[in-house]
Structure formats: C-alpha cells, structure tokens
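One chain, chain A, appears in both complexes that follow, with chain B as partner in the first and chain C in the second.
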Partner chain A sequence: MSGPVNVPTHWYNVVADLAGYVAEERRPALQVGTHGIRPQLPLSIYRQSVSKEPFIEIPPAVRAQYERWRPTPLVRAHRLERLLNTPARIYYKCEAASPSGSHKLNSAVAQAYYYKKAGVRGLVTGTGAGQWGTALSMACAAYGLECIVYMVRCSYEQKPQRRILMELNGAQVLPSPSLTTEAGRSILAEDPDCPGSLSVASSEAHEIAQEGEGIRYSAGSGDNHVLLHQTVIGQEAVAQMQALGDYPDTVVAALGAGSNFAGIAMPFYQQSQITGRPTRLVAVEPRSCPKLTRGVYMWDHHDALGNTPMSKMYTLGHTFIPSPIHAGGLRYHGAAPVISWMYHEGLIDAVALGQSQVFEAGVTFARAEQLIPAPESAHAIAHVIERAVRARETGKAESILFNLSGHGLMDLASYDKYLSGLLESDSAADEDVERALAKLEPARV
Partner chain B sequence: MSGPVNVPTHWYNVVADLAGYVAEERRPALQVGTHGIRPQLPLSIYRQSVSKEPFIEIPPAVRAQYERWRPTPLVRAHRLERLLNTPARIYYKCEAASPSGSHKLNSAVAQAYYYKKAGVRGLVTGTGAGQWGTALSMACAAYGLECIVYMVRCSYEQKPQRRILMELNGAQVLPSPSLTTEAGRSILAEDPDCPGSLSVASSEAHEIAQEGEGIRYSAGSGDNHVLLHQTVIGQEAVAQMQALGDYPDTVVAALGAGSNFAGIAMPFYQQSQITGRPTRLVAVEPRSCPKLTRGVYMWDHHDALGNTPMSKMYTLGHTFIPSPIHAGGLRYHGAAPVISWMYHEGLIDAVALGQSQVFEAGVTFARAEQLIPAPESAHAIAHVIERAVRARETGKAESILFNLSGHGLMDLASYDKYLSGLLESDSAADEDVERALAKLEPARV
Partner chain C sequence: MSDPISIRVKQVLVDLLDIDMDAEDVEDRSPLYSTPISLDSLTLLRLIAALEKAFSCEIDDEAVMTADLVDVGSLVDLVLGQLAAAGLVADPSLA
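And then the complex of A and B:
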C-alpha cells in the first residue's frame, strides 16, 4: 500500500508541455436537421478544453467528491510477480476502488458539477461497456441531474447488470443503435443486426442533446477536458511511487479513446520533462480496434454519422464498427487528438492484443491478486505480463506500473465464457480492419 | 471519511465480558455413517473458540492481509439524512470495500492462515448468497488451498455471477442440496424442489469434510472464532466514531447467524462496560427467518441433518427451510450461541423486516449514497430508515451507525425484479414460521 499521499489540488494539462501541438477542429460538412449545431459545453468546460495552462485548479466541491474515494490505492502485485517468476516489479493503480468501480467517475463528477452550475437540466451520453454510463449516472444522481445513456447494443446484451446498475442510479438506458433517433434509425436501416459502437452511441446522444430542452451531451473520453480530469490518477501515482521508493520505467494503460491512458501517463510525461528521466508510456488497444498501431493519422469525425467537428487523429474511420469484443470500452474508432499527436511524434508507444490473450491475463491477475479486472484493464495486464515474462528472459528488473481502470464484476458472464472455452474468436476482426483501412486510403493526409 | 485509525492488533472476545455465559456443546445423537466425528478445527482455532481472554493477538501475517483493505471507511450518510429530512446522524461502516466485497474476508483470511499452518490441503464450506463462499475462495487462492463451496440452490439460481466469481478464484461450486452427498440425496428424496438453506449446505459440507483426505470444514458464521475475527470492524468503528467527534446511540446490523452483527456490535458492548455509556445494539433479521424475534431458546443442531453438536440458541429448528428470499445470507435457522445468550439476557435488541421494505430501503440508500448494498445489508438500512423517520417525528437527534456488510453488485437481478414490480412476496413465510414453531413446542427447555 501507498504512503500518505494527498488528492491533487489541480488537474495537469499536458498540452502546456507539448510544443508544436495545436488544438484545432474543423466544422462538419453535415448538420443535424435544418437547425445549427447547439454548443454543448458550458464555458467553464470549454475553457478547460482549449487551455494551455499547465495546471487548472480543481474546484473545492469536486475535490471534496474525490476525497470520498481518492487517493486510490497503488499496490505492488507481489503474488503476480511470484507467479510469473519475474525480476520485474509490477505495480497497479487501483481505480476499481471508486464508487462506480472505475476511473470514469473522476471526470463524471467534474462534468456534472460544471453542467449543474451552468443550469443544465440533464445529460445524455453514449457508453460502451457501461463504465462511463455508470459513473455519469452516479454523478447525475449526486447533482440532481437527469441522465440518459445510449449503451452500445452488444455490451447492453453482454452485460445486463450494467443496465440495472445505471437504472438503480436513476438513469434511463437505451440500447444503441435505437429507434429513438434519426441516427439510430438510419444505421438500423442499413444493418438491422448492427452491434453498435461508441461512435454510433455518440451520434445518437448528440442528436438528443441537440433537440432536448436543457439536455446537453457529456463526453466520457477523447476530449481534452476529459483527459485533463483523469490526471488525478497519474499525479497520485507519481507521489505514491516516490513514497514507495521506486519509479516506473514503463507505464501501461488500455486505450479506448484515451482518457484512461492519459490519466495515468501524462503526469509521468510531465515528470520526464522536469527530471529528464524517461518513462516509456504504452497504450494497449484491442487487435479488433487498433487505431494507433494500424490506423491512419488524418482528419476525422468523433461520431459515426459525422455530425461532430473533425479533429486530426489516428482513426479507423468514423463509420468503422469494431467486432463485438467484450472490452466494449475500447470499441472506439479513433484516439484522442492530443494522444494521436504524441504518438505521431514518437512520444508514446502502442501495442494491440487479441481477446483470448487478454482474458487469459485477466484470469491470471484475478487468481494472483484477488481482484477481477474489467476486460479493458485486462488489456493493460496482458501487456504487463508480456513484459514481465520478457524480463525473466533478459534478466532486466524493469519497474512497471499499470492502471487498473475498473473492476470486472459486471463482466463475469464474459469470464464465464472464457473459462468454459466459449469465448468468441476475434481473428476475423483483422479483415474488418483491412477493409476499413482500404476505405480510408483516399482520405490520407 | 474517518481520521487516521489503525488496523487493530487484537481481536476482541466478548465472552470475557459476559459473566454467566457458559460455552457448552452437546454431542449429536446421530453420526455420519459408522465412523466417529473427525475434529474439524485445528488446535489454534479451537483455542480461540473456547477462549475467555478478552483480547487475542492477530498474527502479523493475517494483520498484513487486513492492511490490504483495512481500516475500511466509516462514512456519514449526509445525502441519505437530507433525503429523509431527519435530525438523526447516520453513519455506515463500509465492509463492502474489501476485495471480496464483504466483511466475510476478515474471517476467511484468518481461517485460511490457521488451516494452512495446520497442514490442511483444502477447505469445504456452505454459503448462502455467496459472500462467504467468495471470501473463502479468495483466501484459499491466496494460501494455496483447495476450496469446495456448497451454495444454497435458490441463491445459486438467483445469483449466477457469484458462482463465476468463486470459480474465477479457483473454487469448485456446487448447488445444495446436491446429489454428491448422503445429506443432499436424503433431502432431495423428500423434496426434489428443495431451495436449500445454509443448514442444508452445512450438512453437505460437513459430510465432505468427514470423508475427504486433508479437507476440513470451515465455518462462515455462528462459531465463536468467526464472531471473534469480525471484531476488527467494531474496534475500528469505535476509534473512527471518536475521531469524528461523535458516538452512536444505536448500532444496527443484519443477522444471519451473527458474525456480521457481532463484528460491529461487540466492541461497542465492550465500550459500554468500560464507560458506562450504553449503545443500543439492534440485530435485523428477515421476517421469513426470525429466529431471535420469534424463535425458541433451546438446544439445537447447527446443520439440517443434526450431525453437528447441539448448542443452546434461539432457533426455528435445524430442519427449517426458510422461504427463498434474496438475502440468502440470512436464511439460517439459528443465532450464534453467544448472541442468543445476550438476547436472552436483554443485552441486545432485534427486529424482523419484510423483503419489500428491505429492497425499498436498498434502492433509497443506493440512490442517495451511490453504493448498492447487498440485500443482507439492506435489512440494516431498512431499520435505520425506520429509526431516522421516527427521529424526524420525535425530534430526537439520535446518532445511528450501521454495518454495510457487503455490496450488492452480484444481486442486481434481484434489484431489477424489485424495480420492475416482480419481487416475490414473503408474506406466506409467516405460516412457514408458525408451522416450524409448532414442531418445536415439545422441545422447549
């Protein structure tokens, strides 16, 4: 366990330390209906999303919320090390300890606070596996906001407990694509069996936000302000590692759009700028949705219908529907613009891993450490195990930290499939990715 | 949140403070098969179970385990207070924060430690809702012990996620009554649809423990040593309440056999002996299994088949099968002998509550505090809400502490039933209880 470490007073804005990075958006060619696009961000959040200040103060009310569960534990995985017989030192930052069970609550409470102050009545969002939807439903309950969640259909079916959990928090949960929006109807018309994706759910949520009175769209990842809010994780981890008398050579985190990865990695990037001591920052993505390792760095939309502004990012194309893997939180076509830029500049690394390796790693970790990781987090674990095994072979005693972004207690049916040998193969996903990339060829910039 | 409070160094043994209480057992009339009863407890645990010392040192290795998650938070339920518009101050001790999700791990790691030291190969047990089975499977995984869990059939069917969770920890899980034991077969012969009960699961587990080489029976509640291990909860709570500058007038906890109730209540009983300041200790049991409020104080067995020794306790009869309510952990026919004695002497109170009131309270708490309670814990909450509403009417600003014994993340299907108006009524249970009591009439002592 960690020494006495305080909850950070500020969020860390990596943009301040990225000379050459320009936050830029291009307006969409298409707009919903005939009316214009209604701004979704209150000024308070908008200012954060374009800020170049290195530190932005956490409002005391939000920090008081954080103190309900932060600092989260930073734990050395002794039993996993022994099991792997590795000289590597393995640490995990346990975001599963939040009331919502994942890191997502860090941004959810901040956003609910700002939207509530701005006089908004309710929030609408899209969620994959449901970690973001759960967090937002909790934050909305705490601030007396309505909450509407479009949950990607394949996750809605794989993880029925998630729906109940969000409903218990008072949210309205709809499987996406749905018949409740033009976006959903148009996608279902093309493919009635569409499993959905985060970008489809985003399109639906954006449409509701355009039309519902007092309802605004809340983003669970990708946007700068969301990445910003998550940096409490890494700031605590820097202090906790120092308190333990160690420092990570490598920091590993799963990447959907990037808030989890940025949350733990960016404060270590900042440290490297100060101390000159580099830490390797590794994003782990699923083989079936490899935007960094296989995608194209280009201008693209954030949602499936192309109603959102375009950003320059690594993408598989905003119409790409990843195969229905169980790590629903990673089924997003693009990486956050700032993370894409850093990857393009060689400041961070990325690897892509297949689903059965990921579940094997999840079970190994669970049995060693008595904590069931979310399938998203198990991506990070799978790469940590790869590195730890390599350390055994090379004899190099690497220090590795990863973010355990959430628990897998709502994902037990997926683990049951794995244990029973019934987990779906994701090998066909390679061809889907090839097809998506071929479609993007003309758009390369 | 609490101030800086340490993990206790000793367990508190209430027996030392109960002048007049005599721990006594009577051997069973019947024995399994033709061989004698094999002792199940290693000497280390046996000594604890009969000790009259007020404090028993926690082995450093067990305390190191505790430090992974203890002290658990003690939280003031501000939002619940506001929602109820009550002058009462409501606090909860959050045992849901343990890696297994409940208080049960406090005894599981201690027992696994002692059994491992005694050279045992594996442990077998019975579990109701699965909180104990989950904790024991984790502790066994940590100590390299095999683990066999007989899970009460109605819970096995209501909570499939629990089975998977235990299997993920490497345990073998069987629905009880099963065809794997004589006990199970004899009960199924009488009633093929028997939903099972903790006393039936105990009979099956005891049978395996008698016959399996190197396999011993591990008790999840009721026995003195289990109650003892749980007192880390109350000792921390005493210190945490003092650090918060408050002290409870009333401590509330759900009661199955008694380890949860004893865990939080006994250290407050000890305080009352020292300071003379009384704290009302209230055990909450389900209307369908009301051993304290309606049962008979008599000699009875701990398991359904009557193979275990008899103790004097409040009981509904060891053959009583409670109706299949969702709080499976409370479906046990008797109360721990020491708790029964205290109740008989008027040292503690008890109330019995119906299932729909309990779920209503669970949902109220979840929405206010963003934490889904296990249905067992929701029993305590329902009584706390009753008291808080009464405080509003009387204007008396009572300070109430309850034990949130576990989270309800494996019980979401039950909550879904409640939210959809499909929760089963437990009103027929009253007649079952009447019938059970009529059968006991001749046995009254």
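And then the complex of A and C:
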C-alpha cells in the first residue's frame, strides 16, 4: 500500500520544463450575441493556464477538499503479477478511491472553487462516460453552484446510473446531441441517430455558457489548467514509489484528451529532468479514436462546431464522431496541445488497442485484484499486461506503474456485453477512422 | 480629451492586438468584439492579464466575470475601478 506521503501543496506545471513549447491559439470567426463575448475562465484559472512557473500553490480550501480522499492508495498488484507469472513489478495508483470514483474530482473541486470565487451562478459542461460530469456535479454541490451536464448520447443510454448519480447531486443532465441548442439541432438534422461525441457535447455546453446569465463553461480535460490540477496524482506517486524503495521504468495511462495521463505522467517527466533517470511514459488510446498514433498534427478546434479557438494538436478532425465504444471518456477527437507537442518531440509514447483486448484485460484485472476498472482505465491495464507478458518472455524485471483512473461499477452493462460475447467488433470503428483520415489527408503536409 | 489611464489602457490594447491605430484615436465607444479590435473570450483574458502587468495591479476575478464588457470605455472603467479599489487612484470618476 501507499507509503507515508502528504497531499501536495502545489500543482506541477510541466510547461515550465518544456523548452521550445509555445502555447498558441488561433481564433475562430466571431459569433457575438447582443451582450458580446463572456469570459469563460476566471482570471485566476487563466493565469494558471498560461503560467511558466513550475509550481502553482494549491489554495488551502482546495487542499482541504483533497484531504477528504487524498493521498489515494498506490497498490502493488501482486495477484496480477502471479497470475501473469511475470517478473515485472506492477503498481497502480488508485484514483477510483475518490468520492466520485475517478481522478476527475481533482480538477472539478479546484474549478468549482475558482468559479465560485469569481461570482458565477453555475457551470455547464460536456461529459463522455459521465466521470467528469459526476465529479463536476459533486463539486458544484459542494460549492453551491448550479450544474448542467451535456452527456454524450450513447453513454447516456449505456449508463443510466450515471445520469441518476449526477441528478442526485443536483445536476441537470441532457443527452447530447439535444434539441436544446442550435449546435445539437444542426447535428440531429444531419443525423437523427447521431451517438454524439465529447466535441459535440462541448459545442452544446459552450453555446449555453455564452447565452446563460451567470453560467460558465467548465472543461474536464485537455486544457492546461486541467492537466495541471491532475498532477497531484503523479506527485503523490513519485513519493509513494520512493517510500516503497522502487521506481517505475514505465508509467502507463489511458488517453482521452489527456488529463489522467498528464496527471500521473508529468511529475515523472519532471523527475527525469532532475535525476536524468528516464521513465517511459505511455499513453494508451482506443483503436477507434487513435489521435496520437494515427492522427494528424495540425491546427484544429476543440469542439464539433468549430466555435472554440484552434490549437495545434494531434487530431482526427473536430467533426469526427468516434464509434460508440464503451470507454466513452476516450471518445475525443484530439489530444491536449501540451501532450501533442510532447508526442511530436518524442518525449512520450503511445499505443492504440482494440475494445475486446481492453475488456479482456479489465476482466483479468478484476478477477486478480477484486477491483473492477473503468473501461478507460482498462486500456492502461491492457498495455501493462502486454508489457508484463513480454517481461516474462525476456526475463526483464521491469517496474510498471499505471493510473487506475476510475472504477467500473457504473460500466457493468458494458462488462455484461463482453461476458455475453455481444461486444461490438472494432471493424466498424476502423472504417470510421479511415474515413476521418481521408478527410484530413490534405492537411498532412 | 482622454485621461492618462484611459490612454494607457488603449495603448496596451493596440500593442497586444497589433492594431494599426494610435491609442489616442481609439474611441471609448469602439466595440470590443468587432473590427478592428475583434476580441474573443480568451483574448479578452489575455488583454486583462496584460493590463494587470501594465498597471502593476491584480484584477479581481469577480469584477471580470460580472463586468458588462462591450466597448473600450467599459474596459477602461474596469481598470479604473480596480485601481481605485487597490487605492492606486483616488476616485475613478476623477482619474
């Protein structure tokens, strides 16, 4: 279990250690209502998002919230090691221990704190699998903020308990695309059966934020400040590994837009800069949404309608609607600009895995460790198992740490499909990706 | 005629956005969200951060979130109000 470590006092800002990285955005055509454009971020969050300082102090009130569940356990997966008969040492950082059941609460409480201080009435957001929406609904309840969640329609239908959980926390939850926004109506007009995507849900949430008095948009992944807030995970893990007398050769996490990956990986990147000891940082993405491994490094929007500024990132195109796989949190067309830059510079690695392999790994882990991982986290587990099996074959006793970003207790219907042999194949997803890449081909120059 | 603080706000604005105008020629009633200024929400925050640096003061989160920022004059008023709150000018109406 975890060693004697404290909750970090600061967030770690990797941008300070990335010589050559320049945060740039290109502005979209303006769409102005009668009131002009409303700032969506409080200045205090904006300052964080553009800061070059390596450490940013966590407000005492936010740290006090963290202390309700942090530090989260760092666990050695002895039973999985034995099951795999591997010389590899496997550890996981258990973010499932948070009240919301995932890492997302680390940024949700920080953002709710800053927005409350800025005097907003409520927050609106988009969520994929519902982990971000759940976390934000809890944080809003804690700070007395209203909460509106646009939940990707296929996840909304796959996981009705998620909606109930968010509503229990006082949130209003709508399936996206919806008829409540221009963005949703235009997408439904083209495809009435559209399963939705995070970028569509973001478009709807942005629209509400621009029009709703006292309502602002809150992002759950991708933006610099979100990655920053998640670094409490990796900072604790560095200290916990040191307390255990071990250190990871490889750190693995799933990648949607990048918050759980950055959360665990960036502090180890910082350590490699200080000590010179390299740690391989591996992002695992779904084969149905392989932005790093197959996407194009180009300027693109963060939302489906193209209303947000453009960032340079690995993307499958902002209009790409991934297949409705059961790891809804990873169904996002692009990777965070910082993570994209690090991948482009060869500072991190990425692999893409199919849904069947991922669920097989999730079940293997659950039976060995008696903890059901979220399908998103199972992506990381699947790659860890690949590495552990390779270690068995080569005899190399690698130390591997992965981020168990959330539990899968809200994903039992998906596991049931897998166990019943009814899980959708990846072949349809492959065709979707090929079509998206063909559309982007002119940009690949 | 504009006061010195108003001119400094406009100078920061034309410098940051690389607008081909003299600060003195920017009118208070010029809209922030159409040409030649054409701010979006993130650039507005970048501008406010630049104003904080130029005036060596911290602008309050709530003041920005609740301000009705529609034209250059409203931006000047925001800065004046913050400078007054910090005791850096005696009274915004006299600045």
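FYI, the second predicted complex is superposed on the first by the 436 of 445 C-alpha atoms of A that agree within 3 Å, B and C clash if a C-alpha of one lies under 4 Å from a C-alpha of the other, contacts with A are read in each partner's own complex, and residues count from 1 in each chain.
Definition applied: a contact is a pair of C-beta atoms (placed from the backbone, for glycine too) under 8 Å apart; a residue touches a chain by one contact, two chains touch by 3 or more.
The shown structure was predicted, so the numbers you read here are calculated from the model rather than taken from an experiment.
Peer 1: Figure out whether A:P309 sits in contact with chain B (first) or chain C (second), or with both, or with neither.
Peer 2: Second partner only.
Peer 1: Now for A:P99: first (chain B), second (chain C), both, or neither, which partner does it touch?
Peer 2: In the superposition, A:P99 contacts chain B only.
Peer 1: Applying the touch criterion given at the start, work out whether A:A397 contacts chain B, chain C, both or neither, answering first, second, both or neither.
Peer 2: neither
Peer 1: Please work out whether A:Y114 is in contact with chain B alone, chain C alone, both, or neither, and reply first, second, both or neither.
Peer 2: After superposing on A, A:Y114 lies in contact with chain C but is clear of chain B.
Peer 1: In the overlay, work out which of chain B or chain C sits against more residues of chain A.
Peer 2: Ranking chain B and chain C by residues of chain A touched puts B first.
Peer 1: Considering only the touch criterion stated at the top, classify A:Y46 as touching first (chain B), second (chain C), both, or neither.
Peer 2: second
Peer 1: Show me the chain A residues, by the header's touch rule, that chain B contacts in one structure and chain C contacts in the other.
Peer 2: none
Peer 1: In the complex of these two chains, what residues of chain C are touching chain A?
Peer 2: 31-34, 38-46, 48-49, 59-62, 64-66, 68-70
Peer 1: Show which residues of chain A lie in contact with chain C when the two form their complex.
Peer 2: 25, 27-28, 30, 32, 35-44, 46-47, 50, 114, 117-120, 216, 309
Peer 1: Over in the complex, which chain B residues touch chain A? Could you list them?
Peer 2: It comes out as residues 1, 67-68, 75, 79, 97, 99-101, 138, 141-142, 161, 164-165, 167-170, 363, 366-367, 370-372, 409-410, 412-413, 415-416, 419.
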